[in-house]
């Protein structure tokens, strides 16, 4: 008797699509990722997204625009990304953006300060909720 | 008949303690906050914490140490704080640290990029969870 | 021209159903809530749930069983409820269970300690994520 | 010298209770789970809950009522469950309800759209917090 | 003496940009939003995003692609969006996507079931974390 | 060609610092941890924090003050800590504070009730968000 909970067409985890197996459409995105990053490989996030090419294309366009050159320097952008990823407990994102931050020059001392700020902010956020703090007029 | 849900000794929201009404112990912390910040006022977070002086003292010591001079510049520290506070949806903290960031020089363009990065990170964090991404060996 | 975003059949916020307007089925639940709590009123959570009687009945049965007499004393149960509600930033739940905790004897000093622990736990949770801590063998 | 952190009576992780080892009370729930699902096995969530039979019974009653036939079709119910589980980063729940959704007919294309919507919603939620958006009158 | 916490160039909350005051670039996006939705107005989310036109353009492109016609019907897409928004406690998003769902046909009964599923999923997610559930082999 | 994502100076996961390898400053904290806990070992959280001695010192001072003797008994403090850690899905913290709670006397029955309350609170929190509940006047 078949179980309604057993996977019908494979498990939830989708296999990453390697460059050699990718369609021209997917390869074009991989090529742009590597060229933009001056890198010779693509990480799993993109290779798994590639199972749905419109999402791969869309997310790369977003990432390229948001994380590209702007008013904030590249390292600061990665630290902000890390602060979100840690608060959400996203192990994959902490690993990938931690590596990116180190490549953009994050020192161990800066990492320690980053972790301390993230911890403190999570603490004071919770206290603000618990005490139902009213926003000061000067902040409005 | 009294209700088991009515507040026995006042509501959950505690009144902020103003300088004029504060004990010497609390005033000493307020004085250090204002001196450190080169400011002439103290915001509600501290004035509500003052209802429990050991917590006021402890949290100010933590804040002074973590947010003080270090390997990350003051504006970057505030942006990290904001990234956490937005992810946690802490209105008070977004208001107070948004003001602090603007005072430390955050431009409207930098703010727009901050919001874009926070949004993107929350999106990709969720995708990483949904797809149960395996961490690339190069990131380990 | 009608907007696809305007509310078709009323807004998202449902009106609470007062005892006088309630069906016998709903009144029976209200009566049991008041009898169990030795109270003469019912708070908004239940009065809004009453718009869908099966949910009202189901949630009251759950609440009565989980929050009723057991191995943990009534105040400890409320403190645990509050710790979750603060971490989730649920203003309504903090207000209602804060009132319940005070009625069950929570002192201002206990409340201050509760807030301190919640804050610390949120801080160290974030640090544990940031540092990707391995679980000690002794904890397994 | 004993450590205050070592486990006194076994670790936090409780062993699942298999059918062969279950009490009649627990078996009755397992039987109803399998009959309702037209399945011949029970997944770990229920087998671990079985360590506390009142919770097993209560949660199955809730699940049966909430996830049973109603105004939303079975697949839509699973997609909603998945959206919550992904947002909370619950690996177990994503695995179990992902399998359930596939069994109820979720196609790879639908799964890709589900993931895209969850990602987008998490992004815009964060933006709404960052910008402290006022709710439009038409939405009230 | 100026305070380091007072807002330097206005508060954190940005004013929505009305159509009459919008640049041609922004008006083009507003026009497409209204045409796509067959509506005659634009809600605050877009009008506040308009303070940074590249973000307005980017987010509308994403929203149009993700929420447009596909393998999931329009109402199901909104229910998934709502499930995420409720779990994240995003009041604005619950109001706006609640209105959208009602316009796409969500009945009160369906709404009640939606809320029940979201609640149950948040409950069982927490239980799965507490019990550190192992993923069944059949789900892998 | 080097990848911008490969780790420049080691991976994100920092090695725990064992007592034998620790500086006198770090050993002093370890000694106080063990003396306070009447234990002969130190868990990974502290040994990884030791990579940044000011954070180690600061966090131990916080933990000792917040979790030390007070108006709430030691077991209740651990249950509150666990409620937060479960809600945040912090596996490390659930393991370490679960062990601490068992050492302070938490029984299996109390643990089962703790999990049930955490689950219920997460459920009702979500319902309160979904229904945008107004806070009763009696709770203000």
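When the chains are written out, they are named A, B, C, D, E and F in that same order, and each has its own residue count from 1.
Everything below uses one rule, namely that a residue touches a chain if its C-beta (ideal position, glycine included) is under 8 Å from a C-beta of that chain, and two chains touch if they have at least 3 such contacts.
Predicted model, so just to flag it, every value in this text is computed and none were measured.
*Asks:* Which chains are shared contacts of chain A and chain F?
*Replies:* Output, common partners of chain A and chain F: B, C, D, E.
*Asks:* Identify, among A-F, A-C or C-D, the interface equivalent of B-E, where equivalent means over half of the contact pairs coincide by residue number.
*Replies:* A-F
*Asks:* Farthest from chain E by Cα centre, which chain is it? Let me know.
*Replies:* It is F.
*Asks:* So which chain is the furthest away from chain D, centre to centre on CA atoms?
*Replies:* For chain D, the chain whose C-alpha mean is farthest off is B.
*Asks:* Superimpose the Cα atoms of chain B on the matching ones in chain C and note the rotation angle, 0 to 180, in steps of 5 degrees.
*Replies:* Nearest-5 rotation angle for the superposition: 120 degrees.
*Asks:* How many Å are there between the centre of chain B and the centre of chain D, using C-alpha atoms for each centre?
*Replies:* Here the centre of chain D sits 33 Å away from the centre of chain B.
*Asks:* I'd like the Å distance between the centres of chain A and chain E, where a centre is the mean of that chain's Cα atoms.
*Replies:* Going by mean C-alpha positions, chain A sits 20 Å from chain E.
*Asks:* Can you give the whole-Å distance between the Cα centres of chain A and chain B?
*Replies:* Inter-chain centre distance comes to 23 Å.
*Asks:* Show the residues in chain A shared as contacts by 2 or more other chains, in ascending order.
*Replies:* 3, 5-7, 11-13, 41, 43, 58, 62, 66, 84, 87-91, 94-96, 98-99, 109, 112, 114-116, 118, 120, 122-127, 129, 131-132, 138-140
*Asks:* Quick check: in the complex, which residue numbers of chain C touch chain F?
*Replies:* Residues 12-14, 41, 43-45, 48-49, 59, 62-63, 66-67, 70-72, 76-77, 79-81, 83-85, 87-88, 90-93, 95-99, 107, 109-110, 112-114, 116-118, 120-125, 127-129, 131-136, 138-140.
*Asks:* State the interface residues of chain D toward chain A in the complex, per the touch definition above.
*Replies:* For this pair, the touching residues of chain D are 37-41, 43, 89, 94-96, 98-100, 102-104, 108-109, 112, 115-116, 126.
*Asks:* For a test of understanding, state which residues of chain A touch chain E in their complex under the given definition.
*Replies:* Going by the criterion above, the answer is residues 3, 5-7, 11-13, 54, 58, 62, 65-66, 138-140.
*Asks:* Quick one: in the complex, what on chain A touches chain C?
*Replies:* 82, 86-87, 89, 91, 94-95, 114-115, 118-120, 122-127, 129-132
*Asks:* Which chain C residues qualify as touching chain E in the complex?
*Replies:* 1, 3-9, 11-12, 51-52, 55, 58, 84, 88-90
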